[in-house]
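This report concerns only the one structure given below.
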Amino acid sequence: MTEMMKMIDFLPPRTVKPRNNGYTMVMDKGLGNHATEDLCMTAAPYIDFLKLGFGTSVFTGGLREKLAIYKKYGVEMYVGGTFLEAFIARNKMADFHKIMKEFGIKMVEVSDGSYEMGQKRKLEIIKECAEHGYFVISEVGNKCKNREYTREEWVTSMKAELTAGSRVVIVEARESGTTGIYNKDGSVNKEMVDYLISEVDPNKIMWEAPLKSQQAWLISTFGINVNLGNISPADIIALEALRNGLRGDTFAQVLEGRY
Amino acid sequence: MTEMMKMIDFLPPRTVKPRNNGYTMVMDKGLGNHATEDLCMTAAPYIDFLKLGFGTSVFTGGLREKLAIYKKYGVEMYVGGTFLEAFIARNKMADFHKIMKEFGIKMVEVSDGSYEMGQKRKLEIIKECAEHGYFVISEVGNKCKNREYTREEWVTSMKAELTAGSRVVIVEARESGTTGIYNKDGSVNKEMVDYLISEVDPNKIMWEAPLKSQQAWLISTFGINVNLGNISPADIIALEALRNGLRGDTFAQVLEGRY
Amino acid sequence: MTEMMKMIDFLPPRTVKPRNNGYTMVMDKGLGNHATEDLCMTAAPYIDFLKLGFGTSVFTGGLREKLAIYKKYGVEMYVGGTFLEAFIARNKMADFHKIMKEFGIKMVEVSDGSYEMGQKRKLEIIKECAEHGYFVISEVGNKCKNREYTREEWVTSMKAELTAGSRVVIVEARESGTTGIYNKDGSVNKEMVDYLISEVDPNKIMWEAPLKSQQAWLISTFGINVNLGNISPADIIALEALRNGLRGDTFAQVLEGRY
């Protein structure tokens, strides 16, 4: 809690780390170490999960120092699902585990956005990773498919993955925020969203929401402690202001006590 | 003045700090301290006003060190208008003043973009803040209204706010640059702009111009020393090049002596 | 080569510095020195050319320290073509050379995007700069013209400039990625691209590709070692992941050995 937060008596009931809901997942695409230190010093209490986006961790110089900074500030990190998919696609899971161990990464995202492994294989991977001791999250979506999933298929996948060992299911939006529950123009497919939460515990769902309009819509719909993912490091403080009603889009909502 | 500036004999007559016109206002949405130091070292002479955007100051870890950096470099800073509106809406002005004092912030922006307080109340707040010793700026716009202001209403507000104690009136564009004097596609409503400057001293107007196309249009229309606001920290050096005719959009204008 | 790269045995045959193809040119618009250090520490092996965009070098405080950082990490840098054009347009080439010498900059970009000097003058400048000992690159495009160049004019210019002393010809896209070989919406004009490479050695062409969709299209078309320019510092690690098939867009291409 910052000094200024302590001087304000009307902030809404935002959850604190370690949270059970109100998660924020940030995507780091290769921040340098001064920027990592900056991110942690300004925003560590708001970052529940830090994703080293897709395969960027492989090419980032100074990675060990960077991971040490995240550890120092208590920021849980993991590598993007595309990274794991690259090992699954080549039948090299042992190499994957070796690298995770070498770098001390204890959380894993299982996705099938780049490699079509089939639901059966995906569930096996989730189980394997859970049994291996990782904190597992998984991602549903329709990144590379020829057709879009039906909402029933989404729900079936989400339930099966949670049962298999996934702690949170991420609803894919890509970095651009134009797929999954979002329409091509970045607006929200509300009918889809309503159906998902009627079938799956919203606290177990993380919505990827890279665009401010999407963040604002999700906060106005599900409250200030909705789980949001794929947040840019540059936007994390702004998102915290948005959650707390100190930005135009959510000002009235919080003023009127609709948390 | 940088070493390289001293070696070039054709730079146009750009004003220097403390300026009476040609202001640049930068919006900081939670920069860390290395980034703040970087911004000041590279660009302090071009930053007349530094806004801690909307409520971001509340949630930024390491804020005191950050404010100290801005002070060291002579960068005048203030908190976004939405921050003040949150205290007005809750009748907690005393708390607002206490926080500003505690953090040594001596400049204030009075806006009504998030909370509809009515023009009378807004003018009272401007007077109160001016009497309190703040350097006051105010913002006109139509952030949250059900209808757009007419141009006559804009001018009436601007004149009244300047009379009440505001030093500069900001013409709202939001961070996205798609409201106020801008159309939905980010282009400029020229008729509106012409009318505003026919009624109000342009040196007292600060145009929010987050997009490069908007900055270029305003510079080509009002000259290199137009007042520009809501500039991203990442764009401040690029804007200075644009003002000086060392970027394509304004190259011919400066070459031909149209400052 | 990072530690993690050494632990992965399926990375594709990406070229290494000093490269003959597979160049990446990054545009720096005024990074501060912590950010410059971050960029170099994370990504120096992937940056073949570093452009201090348009006239930004003139206004960047702390420039000498910054250039020293790039030199320490072996990153070759130069000033944007607009900078040189400003001296050409004023007949002050001697001043230009003096400044380059003072700051130890040994590479130059010759462009005519802002100042219409005519092809004859442009070729003279390329020769002058090559004889002066600079590593010269040149840019073709149609930044400010009243009409677009025909594809035949593009090819004629590219060949003449390479003959005159240019080592690589840059195909202009501006920072926004919406001109040259790109359509207004940022998509690629494929017919144009095909014609250019049928006439000019692709290893001598650098494609400006600021948008991820453009980078992905060029990699899928020309392979992982295509020359790409105007990359944002924030995207350089992500681009390296893209080139190596560790991002969704190129995952299948690399998995299937289409390098």
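Chains here go by letter, A, B and C, matching the order in which they are written, and residues are numbered from 1 within each.
Keep this in mind: a contact is a pair of C-beta atoms (placed from the backbone, for glycine too) under 8 Å apart; a residue touches a chain by one contact, two chains touch by 3 or more.
Labels paired with UniProt names: A, B, C = Phosphosulfolactate synthase, putative.
Since this is a predicted model, take the numbers as computed values, not measurements.
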item: Graph class of chain-chain contacts, one of line, ring, star, complete, other; value: complete
item: For subunit A placed onto subunit B, the superposition rotation in degrees, Cα atoms, nearest 5; value: 120
item: Proportion of interface numbers common to subunit A and subunit C (over half same, under half different); value: different
item: Distance from subunit C to subunit A - Cα centre to Cα centre, in angstrom; value: 34
item: Multi-partner residues of subunit C (at least 2 other chains); value: 34-35
item: In the complex, subunit A residues that touch subunit B; value: 2-5, 7-11, 34-35, 37-39, 41-46, 234-238, 240-241, 244-248, 251-252, 255
item: Subunit B residues within the subunit A interface of the complex; value: 29-35, 53-64, 82-83, 85-86, 89-90, 92, 95, 98-99, 102-103, 113-115, 143-144, 174
